[in-house]
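Shared between the two complexes below is subunit A, which has subunit B as its partner in the first and subunit C in the second.
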Partner chain A sequence: MKQKEKEIRILMLGLDNAGKTTILKKFNGEDINTISPTLGFNIKTLEHRGFKLNMWDVGGQKSLRSYWRNYFECTDGLIWVVDSADKRRLKDCKAELHILLQEERLSGATLLVFANKRDLPGACNIEELRDILDLDEIKSHHWHIIWCSAVTGENLLQGIDWLISDIATRIFTLD
Partner chain B sequence: MQEKCDRKIEMLTKRDLERKLDLQKEQEIRNLTNADNEKIDYFESVFNEKRQFIADAIDEAHNIDIDKLGVHFNNISRDILILQKYLAASNIFLRGYDIKIYQQVLQNLTNQARDLEDKLLPKKKFGFKNKKSQKIDIGNGINGNRKKTIDEVDSCAPTKLDAFEDLNAVSDRSDTNLVLSNSQIFKKDILLSKLNNCKIKLFGSPSTLHMNYLKDCYIFCGPVSTSIFVESCENCTFVIACQQLRLHSSKNINIYLHVTSRAIMEDSSNIFIAPYNLEYENIQEDFKKSGLDGCSNNWTAIDDFNWLKLDKKSPNWNVLDEAKRIEKWSSFF
Partner chain C sequence: MNEFSDDIIFIHRSSDDTDKEFHATVGHIEDILIEDKFLELHNDFMEKHWQEFEESEENKFIYTDIFKEYQATIEKYIEEELGKKVKDFNMLAFEEELKKRPNELDSGIFDLLSTFTDFIQFKMKFLDYKAMKEGNTIDFSNDFCVSKYVLIGDK
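Let's look at the complex of A and B:
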């Protein structure tokens, strides 16, 4: 394996308030109490399991979504973050996700859906989200859905580990 | 042939990954110093003591009067939250593996408490938000003098299993006064929409608050643990506390604000900001439950999407003159 090949580029997208920045900071062991809505984007480079992860977290406000496409290039993994307690916007959430998946420049990317905010009592469970977000319709990407809570940190590691191992087995071949 | 080859490579890469993980684990264990070990022991004893306390409280729920159960379960959920914070604060010296185990313990406690609460306490529901009762309201309004209505909450209506019946919304109302207590909104995602000339008091701690299409309204809300969304509102006064405020397409709004990170605004104008000054019984308690820091208020930290000059403040918002501020809201209650 060449050194350079162990870099993985991960793009985090989702509606505003889904918890993208909180997930990123929590995963990186930073304080999550002072996070404000993302105006542009955050980039973090993390060493994890011997890989170098370049994580791109882009703001999800409606007016920022048209800029998402600027970040598609060379994406190995896409993390789609869902606020699973925000039932009223799940339709929006589904529409945005499926538009994204038609993007040619994302066609090679592995998709991880984080069903975030599981700590809230009103949160939808995985089965409901699978159904509402029409995940079973996705044939174009390797995908996986997992619940998590950015506040407690639960399942963040499991999710990222799945993503990395899927990407690793897919792209780091010995050609 | 190609397939076989692919599979082999896959296996090799997987094995490589596993080997690295093992190495990393060993390294972590070796790196532990005595000081770390002491800290871990101490953490473990505190954690276990607290866990036992919560587990006892969950058992105890069977022996508690139904009208006191709500409070009891709120206390349990607060204690779990505190323990979660303790764990989070100890992340630095705990090993990844231990954190996973502790988190599993917390998850189990949360599930047990949630299941028992579902069993012992029938789900509450707001009895005033669906379109049907709305129509009845209007009907009454034509005959009666309904300048002001105080709605009551119907707490024992049957719950529908339909997950998407919107139990947590107040919408399509005029000239209405409404008070919701913490037991109705705690940790919920609340929507206020299409309200005209209403006064709504949310005396508790929702997880999120959405306010859309409000006109001439006064909204009072206790500490919201995550974000407050405001969209297409006009001529309103909000007295609100949250971690993040997200304000869109709104104008002529006075906001008495407590925000622990920052506020953003977009396509909005004539926004006046003052510090949060809401008082009601138990508000301190609600701050604690929400996890929101009552001492850190960045009410003038506002980013305007339409104004990206860093050296000059956006003209779309201003600090509300002290002379114009309302000091006590009690006359509104």
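Let's look at the complex of A and C:
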């Protein structure tokens, strides 16, 4: 008998311009040169390491953030994407992240922080971000931060792999 | 070979109770789907919303509202009607059972049921409907069509 496919639902959020849609498309092997700001949401279903990943990417502009809550349900993994070169908005970024983590419906989700745009000069490093975003305060979720570049594709796989293995050990161990 | 050869390849003989229950439920669904009351409800729903949908890859937030309304009306209707016919009917359990047997159903029913849980299938259904409404297609195969589900054991 064919084993039931293991499905994982991943929600990708972050401030506007962080690179969410670019990450999604790059990961899916699509062209990343014609991406405009997301006004609604994107979904991609990818097969990876025997899992079926349902990835949801919702627009991050301030006026759109109130819609995020409509996509919390059943989320196994939350990817928080940060523009590590946008130092001006890191405070805002930290505030939005910590509000999200209080959400009841996200309480069972593993958190991956993508420190994106590492290829840009002046991008913060992981230690700085960990500090500015107060990541060590997070006790409610399994979390991990990794730098990446959606443009070059560096570290995208490593990040996703960490996320999947954390989720898999949490929810599929009974199989 | 006959016209049901596709079904025959995939269908297992119903041996246990789960199988029997499953097949009975499918039979009831087929009955519900061809009732006027359902067809009207379904048609009204499609007519009310198809113009919101656009051929673009990005989704509008309103699709999510329509999806929820779809579950709250169309799926709920089927669930309630089934509840009258099947004792202790549980839609979620049925949908889980269904996922394990993707090849056992008439594809019309399977496609319809998948639009209740899978947003992408739901969106595609509306885009197909839109294309039909705008006359971009002469293929009406996506229109509601249910053919009889056949079980080897029944013949």
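In the analysis below, the second predicted complex is superposed on the first by the 169 of 175 C-alpha atoms of A that agree within 3 Å, B and C clash if a C-alpha of one lies under 4 Å from a C-alpha of the other, contacts with A are read in each partner's own complex, and residues count from 1 in each chain.
One rule holds in what follows: contacts are C-beta pairs under 8 Å (C-beta built on N, C-alpha and C of every residue); 3 or more make two chains touch, one makes a residue touch a chain.
Note that the coordinates shown come from a computational prediction; the quantities given were computed from them, not determined experimentally.
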Handout entry: Partner touching more residues of subunit A, whether subunit B or subunit C
Key = B
Practice task
Examine A:P121 and indicate which partner it touches, taking first as subunit B and second as subunit C; both and neither are also allowed.
Solution key: first
Practice task
Once the structures are superposed on A, label A:D86 by its partner contacts, choosing first (subunit B), second (subunit C), both or neither.
Solution key: first
Exercise for the section: Could you tell me if A:D16 is touching subunit B, subunit C, both of them or neither one (first, second, both, neither)? Expected result: first
Practice task
Please indicate which partner A:Y67 is in contact with in the superposed arrangement: first for subunit B, second for subunit C, both, or neither.
Solution key: second
Practice task
Could you say whether A:L39 touches subunit B, subunit C, both of them, or neither, answering first, second, both or neither?
Solution key: both
Handout entry: subunit C-contacting residues of subunit A that also contact subunit B
Key = 39
Exercise for the section: Would you mind writing out the residues of subunit A in touch with subunit C in their complex? Expected result: 4, 38-43, 45, 64, 67, 70-71
Fill in the blank from the handout: Per the touch rule, the subunit A residues reaching subunit B in their complex are 16-17, 29, 33-37, 39, 49-50, 61-63, 83, 85-88, 117, 119-122, 124, 128, 151-154, 157, 165, 168-169, 172-174
Exercise for the section: Would you pull the subunit C residues touching subunit A in the complex into a rising list? Expected result: 57-61, 63-64, 99-100, 119-120
Exercise for the section: Would you mind writing out the residues of subunit B in touch with subunit A in their complex? Expected result: 6, 9-10, 12-14, 17, 20-21, 24, 84, 88, 91-92, 96, 99-100, 103, 106-107, 110, 114, 163-164, 166, 168-169, 187-189, 191, 207-208, 210, 226-227, 229, 243-244, 246, 248, 260-264, 266, 293, 301, 303, 305
